[in-house]
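Below: one structure in structure tokens.
Read from first to last, the chains carry the letters A, B, C, D and E; within each, the first residue is number 1.
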Amino acid sequence: MGRDPGIHRKRDEAEGSLVSDGTPIALELKDVRKSFGRTEIIRGCSLQVQQGERVAVIGPNGAGKSTLFNLISGRFAPTSGQVLLNGHRIEGKKPFEINRLGLSRSFQITNIFPKLSVFENLRCGVLWSLGYKYTFLRFLADLDDANERAEQLLEMIRLHKKRDVLAVNLTYAEQRALEVGITIAGGANVILLDEPTAGMSRAETRRFIDLIKEVTAGKTLLTVEHDMGVVFGLADKIAVVVYGEIIAYDTPENVRANQRVQEAYLGSVIATQQAGTST
Amino acid sequence: MEFFTISLLNGISYGLLLFMLSSGLTLIFSMMGVLNFAHASFYMLGAYFAFSATQFLGYFPALLVAPLVVGVLGALFEKYALRRVHKYGHVPELLITFGLSFIVLEMVQLVWGTSSVDYRVPALLSGPLFTLYGTQFPLYRGFMMLVAVLMLVAIWLLLTRTRIGLVIQAALTHPDTVEALGHNVPRVFMLVFGGGAALAGLAGVIGGNAFVTEPGMAATVGSVIFVVVVVGGMGSLAGAFVASLLIGILQTFAVGVDASLMGALQVAGWSITPQTFGYALWKLKISQIAPILPYVFLVLILIFRPKGLLGTREG
Amino acid sequence: QKGETVRIAFMDPLSGPFANVGQNQLKSWQYIAERYSGKNAAGVKFEVVGFDNKGSPQESLNTLKAAIDQGFRYVTQGNGSGAATAILDAVAKHNERNPGKEVVYLNYAAVDPALTNEKCDYWHFRLDADTSMKMEALTSFMKEQPKVKSVFLINQNYSHGHQVAKYFRDAIARKRPDVKVVGEDLHPIGSVKDFAPYVAKIKQSGADTIVTGNWGQDLTLLVKALNDAGLKIPMYTYYAGVTGTPTALAAGGDSEVYVVAYGHANQTGEMGQIGQEFLKKFNDDYYTYATYNGIQLLSAAMAKAKSTDPVKVAKSLEGLSVKSFAGDVTMRASDHQLQQAMYITKWQKAKPGEYSVEKTGYTFVPIKQMDPYVSSTPTSCQMKRPSAG
Amino acid sequence: MARTKDYYEFKPYNVARWTIWGAFALLLLVAPLVFTSSLGHTMLSQMGIAIIVCLSYNMILGQGGMLSFGHAVYSGMGSFLAIHTLNLVSKGGWAIPVSLIPIVGGLSGMLVAVLFGYVTTKKAATPFAMITLGIGELVWASSLMFPEFFGGEGGISSNRVAGPKPLGITFGPQIQLYYLIAFYTFVCTAAMFAFTRTPLGRMLNAVRDNPERVEFVGYDTQKVRYIAFILSAFFAGISGGLAALNFEIVTSEVVSAPRSGAYLLFTFLGGATFFFGPIIGGVLLVLAGVLLSELTKAWLLYLGLIFLFMVMYAPGGIASLIMMNLRVASFGRLKELWVSYLALAFTALVALLGAAAIIEMVYHLQLNAALGPKLQFLGASLDARGVDSWFGAAFVMLTGVALFEVARRHYVHQWDEIQEFIEKEMKRREAL
Amino acid sequence: MLQIDNLHAFYGKSHVLHGVRFEVGEGEIVALLGRNGSGRSTTAKAVMGMVECTGDVLWKGQPLVGRKPYEIAHLGLGYVPENRDIFPRLTVHQNLMLGQKGARARKQAASAGARGRWSFDDMYGMFPRLKERQHTEAGVLSGGEQQMLTLCRTLMGDPSLIIIDEPTEGLAPKIVELVAEYLKTLKSRGVSVLLIEQKLTIALSISDRALVMGHGSIVFQGTPETLRGDAYIRKEWLEV
């Protein structure tokens, strides 16, 4: 059950294109830039993601993928440019405001509530979206919908056996799963995952990708990945970020064929193999 | 002009004294993340040790011996107590220093009694340094300023010319990794804590006779030195220095300002009488709140610039 | 009554920052009690037991409860008007709610005038002179000092400091209208580390005299700062004689300090003897002379009442006069404020034979003694006396 | 020992929970019948008050991770406003029943928190701690500077026998007041416990653990902290109001830094990681304040030492010690330990006895040397100048320490073995 | 150089390594493979003295068990932890500075015959990206940059043997290649490498020998070729 982001909609801020080929645009970046001090890290990114699309963001280390996510999700404010979520400008808003508008993200470096149990972690993710806000006049135990949803999530991320274990005591892979669990808990319909499978073994990765597919069905998904197998298996479209710019944004096939992408990122493996040594 | 010059001198010298008191705390606070509530107790110990040492050795040897002894005590405390609670986080660290401050206080009273001791400025350093507009500037104050500046330089060199600072900051978050890179982390921590305590001890040697050496002396400087460290910005020695001077000067000049809100309002045409609601507040003069201005300053700084004057991060 | 033991609960800080004062005063009480046990008008024995109230009003209430539980019917306290108010109030309520178990409170040092004015209570008896009385004495002395022309008032910013300033202005306006107050400062209590700025301000004001009610380190630091700056002007004080302060004063060098009090260190006769013996026994100065008056008054009242019952003793204490070390003293019935002689003493190097205060080589020499009427002030007290008595 | 902190939670509506609350209520009811002296009654009253304030402090410290150095501001302002209200009542101005005065205190504490909390809770961690330190110092300093409101040194006094007296309850006798306090203690404890199980209570935990992530699940961390801070101040204010009724005098010490420090220390000593820890802390606060100082002049030294050792060896406070043993008990192995505990207690007592005798002699020499070298210590008479006494005390202490060490080694061994067993057992159960 | 025999390691009460035994020779690259949780990282930590362990670890004949990590580091062992333990609040450059050993340790190493092999410039030359970011706080570096930094930081200590735990984790394919190249350079400069890896292809392409670990002990030792050829071992111990 997703929730209606329209509840929080502020009319006066709504602007921009809603439709390109019939499907509404869930997320749009317009010439977004970000500098830290004097270095410009994001150098004019524009991007349109349609509702229900899965987009993989790839690019070399330090290209600015995580930074881009941070800009979208409100961790940082862009230096200039616009970010639109379902047609509403969200740049410069606080993370919680953006979350309430229906966007949720996970982190590259695990970011959970270490001293709460797995179940509590998930329930924390659920509460706001079910409208419980800051209430202190109702017992958690009586919030049947929240509890039910948290239990469901437990099953989904396959941690039901660890329901009452403190998150800090989970293994790394379990923590990663929990990280994603918290992210999807609020029922946001735009989801950003930053290297969700980092640190997992092949097999775990495979299982995990299936899980992600399952839990994000019908939602808009952006994910940063280095594992090309995963990327090509998961994504409808791929955005290639190099040095703060999106140099390509296309279907996997086209991206694979793209010359610049080859040079900047993918092809290197093949290239170096041909060239032999390259010190 | 006369008042201004003398106040400025007073302000600077008081500021330097504050710096002397808080430099060790800054060192420990910024590098180890420990809010050392016993810092003022080390200051007190310094004064008492100096008092006793002066009787046997004379003042100048005491100037060396007392801080050393305090430093060793600090290092031992780090080694046998503080280190054990480090893993539990900041609050237990803070509480254990709290406990220590009680113990030091009681010990001091046991050894030296409950009233003040007769610890005097040595004859060599008493008397005026110069006279300005008929007001003497005491030689001892000059000496105090000199020592404070020397302290600043010494710590500065230590931090910039050695990697101790880096080792500690890194060890705060990743002690194992730092050790694996070949640094003896526990020893560095011990040295820093001991060093910080020694600095407090030195301040005690110098402050003890400039002011009064008595069991209450720790409590009186206790919280204001935190203000200096926080206002300056955690992790910033230069910040502490600037903050000390600023607070010193601010406070000194505030004593001279007899303006009040009532005055301001009356100028604006409001009449305030003893019957007006909140009269006590309106009639309060700036000079009356001078000594608590640092706290006002602290609250304002944290609200508007939580990094502190020269700090780089919050908390 | 003869041979009975009267137990007095002493409640003052015995630990913490003011422990030195409390400890000394407890010893003073115990010493005097022992000295006059059996050898007094009523022939009773006295026993003084210390309770640590840590200087806190709330803790005082606990110690009071503890003392009453243990059967004490006489309590004494002095350090701090806050605790005094609390005890006065609690004793009043206790006596009202527990008839037959009345308690008498001897206040030997808390000097807030309110305690014998608007807050006065039948069960409370003050042995010290209050702030207004001391100021009467002090200004009477200053009246005769032609040097005094412009005064700077520096005080701690709390009720005692406020009162000192207020009573000084009142009294001096009556006695020496020509004296000008050229500056006044109130500073937070106990939090000034450096008095140099205040000294600069005093100097700038052109004052030739300082009047201060400061005590503890607020006083010693002020004196030190004055010496450091070379500003040698006379200072009129209340509390230069309190434990620790003389030592600090001595370390600061020569300065002209006057103290107003109801006693002094260079007494002759029995009082001088007590001082010497106390010094020998405890290696400490005896300066809480009110303990002497307290025991004398109690025993006289007991003799008069022929009983140690607090209700009777309280009644006979009213208006009672006894011989003290400085003439007769009277417990004024209207407000239970002891009327006694006052002294002005001056801080100076001790000559041979003079009492070296805290072994500093300095002493407070009496330069003026004033009869009780000089310092007597009117009271606004409307004493409610128990109907039975 | 530290690793055994495990997740602990009351299961909803279980028998244990009813039993515990029932027992708590019963304890509150019968306590004054057991301790009947008037000192006993005041102390019990004060314990109730301290329990509320420590629990309220733990709402922000333990549950919200906010280290405050100025909690006394809120309880203290509650006290002041409550006593002013009480005075109005006794002047016949207002007709509020005395039993509701604590609520007035609570609302006042809350109001002050609305004001100050707005600035303090904008920040977390150290900046938060430092702002509270600053505000605490400011309020404390002001409390002496504005005698009009704070009553100067003498404070504000009042008489609690005032206003309407339903059923002839005047609250004059301490016992009546005690039951009022006990009632409030029970209700406030229940309310604060309930708070931990509400959405806001849970989010407060989340904010403590990882404020950043909280922002990404839709919550404004500042607001969470702010509301919790205000609620905590409400309970602090109630306790302040009760204190005003209990003492019938309020002086500036109630807003002082040492008071705030005491709340922090004792909450921690009781155990900040468990809900019931501060209850223990509150009880100890009163015991230490009233009784310890009666027993010995060296009480501050003992207090300092207790803190030092507690922080070093049981950083979870007394509550964590209890919980660890309960865990052992729930695996049915506590009974093996009681001999060890007896041995530990006995040897510790011996060591303590020796050490205390030495400490007392030192204090005696320093403070009361003039009263002669003899002093009474627990019925024995010691000679502070005599070699015998020193030798004897040292001997007792050293024997105690040595035996304690033997007992401790044995105990640690046993304890480790049991913990190992428990871990295995838990793995096994998990696998089932 | 490094000889390990009968090594057992524990996390508290849990017994993780059960008698590990292998050697690393001078100038050799040895790959240590295995599934998640098989105990490879623990082996590395045990060698560095960072976990409780028993058994024999000999380094140039000296026993290491029971020594403190910094002492072990002084003897010339370097360790690159798996979880990118960069020091987040120090700049990149300061991170590298911490890689250098203290003056006394350097003197000690010099007298033992070691020469400084690596300088800041070498590091910046190797990863120009780091040079660009050298005055940035390391905490804000991208994941991959942090990985490079950890590697370089350890090299600054001039180790004779470097233990690298999953160096290619989170690195883009291009950088992975680069790292592989650099490991070879290390070897050519006479540094031995114990490489803990997940990515079989890379590990096998650069290593001289491969070890496979399973359930806390070594279950295979041999050349990369044998391992490639040994379908059973691969299936049983490496794939899932």
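Heads up, the rule we're going with is that a residue touches a chain if its C-beta (ideal position, glycine included) is under 8 Å from a C-beta of that chain, and two chains touch if they have at least 3 such contacts.
Worth saying up front: this structure is predicted, and the values here are computed from it rather than measured.
Shared contact partners of subunit D and subunit E are A, B. Touch-path distance (fewest steps) from subunit A to subunit D is 1. With chains reduced to the mean position of their C-alpha atoms, the one farthest from subunit D is E. For the pair subunit B and subunit D, the distance between C-alpha centroids works out to 31 Å. Rounded to whole angstrom units, the spacing between the C-alpha centres of subunit C and subunit E is 77. Centre-to-centre, using mean CA coordinates, subunit B is 35 Å away from subunit C.
The multi-chain contact residues of subunit A, meaning those touching 2 or more other chains, do not exist; every residue touches at most one other chain. For subunit D, the set of residues that touch two or more other chains comprises 141, 145, 147, 300, 367. Of all residues in subunit C, those that touch two or more other chains are 23, 157, 186, 188, 191.
Across the interface of their complex, subunit B is touched by residues 17, 19-20, 23, 157, 185-188, 190-194, 196-201, 203-204, 216-217, 220-221, 224, 228-231, 243-244, 247-248, 250-251, 360 of subunit C. The touching residues of subunit E, when paired with subunit B in their complex, are 48, 50, 68-70, 72-74, 79, 81, 85, 87-90, 94-95, 97-102, 105, 153-154, 157.
Considering their complex, residues 2-3, 6-7, 10-11, 13-14, 17, 109, 113-121, 128, 131, 134-138, 140-141, 209-212, 214-217, 219-221, 224, 251-253, 255-256, 285, 287-292 of subunit B touch subunit C. Within the complex, the subunit B residues that touch subunit E are 163, 166-167, 169-170, 173-174, 176-185, 313. Put simply, subunit D touches subunit A in their complex at residues 7, 9, 12, 194-195, 197-203, 205-206, 208-210, 212-221, 223-224, 227, 231, 430.
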